[in-house]
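To keep things simple, chains are lettered A, B, C, D, E and F as they appear, and every chain counts its residues starting from 1.
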């Protein structure tokens, strides 16, 4: 069930049978010449809805703005400072804990979020760690799972795109959005075919290194058909990972 | 155009013809027995998409989590602290300014956001106000417009629901979500017919005063048909207000 | 009684008969050619002392610096950033709660404070709202009342100054300070007679729009006699509003 | 001239002949059985007005709430956290710098403010210190002067009260408020005659050590006549210190 | 050269031939029954001094307190909150940038620091990314290198300890401290031989899962001889990684 | 015992016999032509280890980066903003309190830290002061002792260097580092023999006033022999002060 489309009484009932929740988290940032600016938010949102079709979960609204400072050289990219994103994740988790949620699974679509969101989890845990009396509480447990990191998706990306996958504006993520948003498919030429690679620093440096926004990828290979296969693989990966998380002692 | 479904080059082109952007902002909080938890985010998102069908704008992804501390006594409600929301709005606006946007129109769906978002605007302006050299820059201008506050919507709500409109979980906003999300329509009994009214303080106090979450309203009157009429009125109101904002010297 | 002129034992005794306190809050900012920079702090301070002559209250020291970023283009204006003002209001309220105060009535003199102070109240309430165990505590209740917003003052301003009242450096507030500080009356010419109106953005923009600082007003109409009448109306309005606040369940 | 009783044009004119300003800063905290809660704010405010009668200065509104966490065990005491007070001082100084003020003299009435306000000055200076390009700017200079620390006041306190002066709720500061606020003179018995001494830690510890709030003092010796002499000594001390500060290269 | 044992003129001269600096960063936290609380700080400090014997670098003082909230259940462990550590790293880097350093290499000894320190780098980069005018500056570049992550160390750990290496209080890190601090070698029995594994959450949970502090390791295998070999491997790994970092375009 | 060279079980045992800890705190900043950049951290670290040889204490790792914004004009100087240093001290003390430490003795080597660290103590105490229920807890007590401020060291410095001691880059502190780090002794000419004196403001101003970094001192008089005598005096002073602190009721 989608949290946004539920009533509070429905959530009350859900909490009697489960303490888990899935929170899609992404980013709003350039994804090269044919990739959508929303790619990193739309992908985990799409996968989370696929999870919802298969298992009994609550899906929170997508946190669409992430840590994307390095993309600010390209129009339309929006970022939170890491310190802001930490505060957002902390407030969201503390709200959920208030209701009795104990397992917060952040389904992530953006590599640039990983460090900051994990730092946020530590900031949350630190509150109870500093407290000598906190020892006997069940407490909350958070996990960041990347939709693109499961073994099924990894294998399929390799099979579909091999060395053209790259690390930003990948044909896999672009395919997934083409599957989910077929009306938004763009046909754009890009050269070189495979984009350059390099380190990620600040926005001006990024734009100098990666003039059209891609890193190491050829997203002109993206197709909605590939996206559909990736979608199913990602849902299976995410369901498996979420179940493991929920079941862990 | 939706920012999430655009490429950075498309935004580059847009910026040559306009410096305005619409950012839906809402909340994720209980809305009584038949209102959706996402009501306050879904309404401005729906209206913003209606605006997009009529005029040439960019619509940013919806900021779905707002300031809803008083609803934390009801399962599923999520809040940002005011200080966190100020940081979020500041980072979003500063990102947009980086690209050349100069008019940031926040289309709001939640009364509880108004004070904090306006404080955030002042926090943003203060940065340039403290700067003696800032005098000659064009600068950014922000505006918070409530979708439910235009004269067309006000008149229609009055006509449709009169004294049963209330101030939280109103039949107007519930109708709008029923129109936009017909599959999520809930048929729930509630009593008393019209909910009590009173001041809004913290979460425990709120739950004591308003046991099922509504304030002063009878949302059992909500219908998708009313929602459709309200939708069209809201789009017209918002387009008018946005154009005035964009055109203001 | 004035908190500053009391001893702690006197406050102890007061707390046995009342849990309310009045905190004047204002701003230090330009008020046009003949308005005092302290206007927005001096007015609520004066009115609060008038309340103290009539009813049994404690009046805290005036918070004289408020949110006035837009006035920084005029010499002598001092502002707190919204985030700073939120911290100040939070610390003040938490101090008072420590002693058992439960109703904090901020008597305000500056429209620019309203959003930020209300955001501060939510920041304070959020502390208990995030706490699952907080449900049975009486808690604190805050209210921001504007001295210029009561029905007696509104009616009198309209009667005295009509369309020349405007919204900043108004003849009403200037009159009140002329009554309270007759030695500080300034006779200054200003033109145009009625100042322009427009939106409030950052400091440089404000100075361009409103070259002598006024918005929509003709404070050359201010007199100490009008100030005296406004004073009495404001005290009555404030006493009424404070009593309602204190008596509310 | 008092900033609050001036217009912005008057401050403009003043800035042509001086770049200095005096900001009284105090605290709102218990001062024993006969000392006023406002003592630490009223004293520097009174002395600053005495300075204003003698030399050409601008006196800012008094910052009446300081760092008084250790007094929270006594009703009526209000504190800012050190981090909040640092933000307040920073915002006030940055506002003044915006107008061209270059020497900010904080006339202080509370020992508990000293560490935090000096930390705030370093926070302000750090902004330009981190800036490689800042080398050629004149910059701002801040100084904290304690009204009770000049050689005239020190000598007079010793002469008047000797070993009964103590360090909190001293007969000197109580005398000064009795002189300035004769209607607020309290006649209260206290025992022991001279209060105990000891370290200052948190509020609960403070109340245990110093049950009536005094530290090492016998403020029953306070008289308005002593206050008058102390007032004149303090004004002379402060004028001397301010002039030295203004004239320093 | 060690920064602490140099004069500012020596650093001036160094900056003419290099813009790089090595900053050891660790943690102060329990390391099981025979591991030193300082292990994670002492290891990178030792390796950095080994680097200094081989190549021309400046080594900053070790940041000994890191992000160790999960160890607070064991006496002597000290942590910074992630938000504090971000501020520390930001201030350190901004100080170094002030002098012209452009490559800040953090040699890390604690896995728990990785997320937060990388978030700090993004916080630093964001400052210039938000700035439209920042495009032409060389800027600063930061890198976090873990002393235990180079290929030589990884291979040697595997060779020496195989499956007994584990992930906290490993025989490798304990060996390195035994080599560097032979007087501090502890002979402690521990059981089970190999500690359990599991997720890392807050302090109370950690202590329940890992009663003596170790995770998956048998540090009773640690020897100073192994430590010496690991030391040389780590220095070679770190020198290689640092040179690559310094030479990268 | 040094915390870094101990195990958590050793600290557990120590806590049964003492609740005190010594935390050396210094700075990393220029110390003139022959003074080491680490002087202010190395001195208290050296003295703390001397204490450890004489009495039963735990010595925490040295906090080597302090508040040194005014030295940023000289290469190699590193500072924390006051607000950052407050957060660091707070987190360190809260960590120690978690384990049962109740007396935190910060042995300081840098005058520039004094205000900020004392502000940090108040920030820590404020947490319990705001809490009405905190009254019966033993609580934590913090003290900042400067190694150079005891009566033995003061007398010896006067005897050894008289008017050439000055206030920054003093022959006393340079001597102590020469004694502790004989390999780092520098022979540098400097003129004038005794450096100028003046106020401390921001970094650019500091460099203009004190071109080689010294204030009022002639550190060319420093010798390791003097350093040895100062070391023994400082250890005695610090032991005495620590014992008084530990024993205070």
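As a convention for this text, a residue touches a chain if its C-beta (ideal position, glycine included) is under 8 Å from a C-beta of that chain, and two chains touch if they have at least 3 such contacts.
In this text, all values refer to a predicted model and were calculated from it rather than measured experimentally.
**Q** With one step meaning two chains touch, work out the least steps from chain B to chain D.
**A** The least step count works out to 1.
**Q** Just to be sure I understand the contacts, which chains border both chain C and chain A?
**A** B, F
**Q** If you average the Cα atoms of chain B and of chain F to get two centres, how far apart are those centres in Å?
**A** Going by mean C-alpha positions, chain B sits 53 Å from chain F.
**Q** Find the geometric centre of each of chain D and chain E from their Cα atoms only, then give the gap between the two centres in Å, rounded to an integer.
**A** The separation of the two C-alpha centroids amounts to 46 Å.
**Q** Approximately how many whole Å separate the CA-defined centres of chain D and chain F?
**A** 29
**Q** Which residues does chain F have that touch at least 2 chains other than itself?
**A** Chain F, residues with two or more chain partners: 72, 79, 81, 83, 95, 98, 129-130, 203.
**Q** By the document's touch rule, what are all the touching chain pairs in this structure?
**A** A-B, A-C, A-E, A-F, B-C, B-D, B-E, C-D, C-F, D-E, D-F, E-F
**Q** Show me the residue ranges of chain B that touch chain E in the complex, using the header's touch definition.
**A** 94-95, 98
**Q** Give every residue of chain B touching chain D within the complex, in rising order.
**A** Going through chain B, the ones touching chain D are 129-130, 132.
**Q** Spell out the residues on chain E that touch chain F in their complex, using ranges where they run on.
**A** Touching chain F: residues 2-9, 11-12, 15, 28, 30-38, 41-42, 58, 60-65, 72, 74-81, 83-84, 87-88, 90-92, 95-96, 98-100, 181, 183-184, 186, 188, 203, 213 of chain E.
**Q** What residues of chain C sit close enough to touch chain B in their complex?
**A** Result: residues 67, 69-70, 72-73, 79, 81-83, 86, 112, 114-116, 118-120, 122-123, 125-126, 128-130, 134-137, 139, 141, 199, 201-205, 207, 248 of chain C touch chain B.
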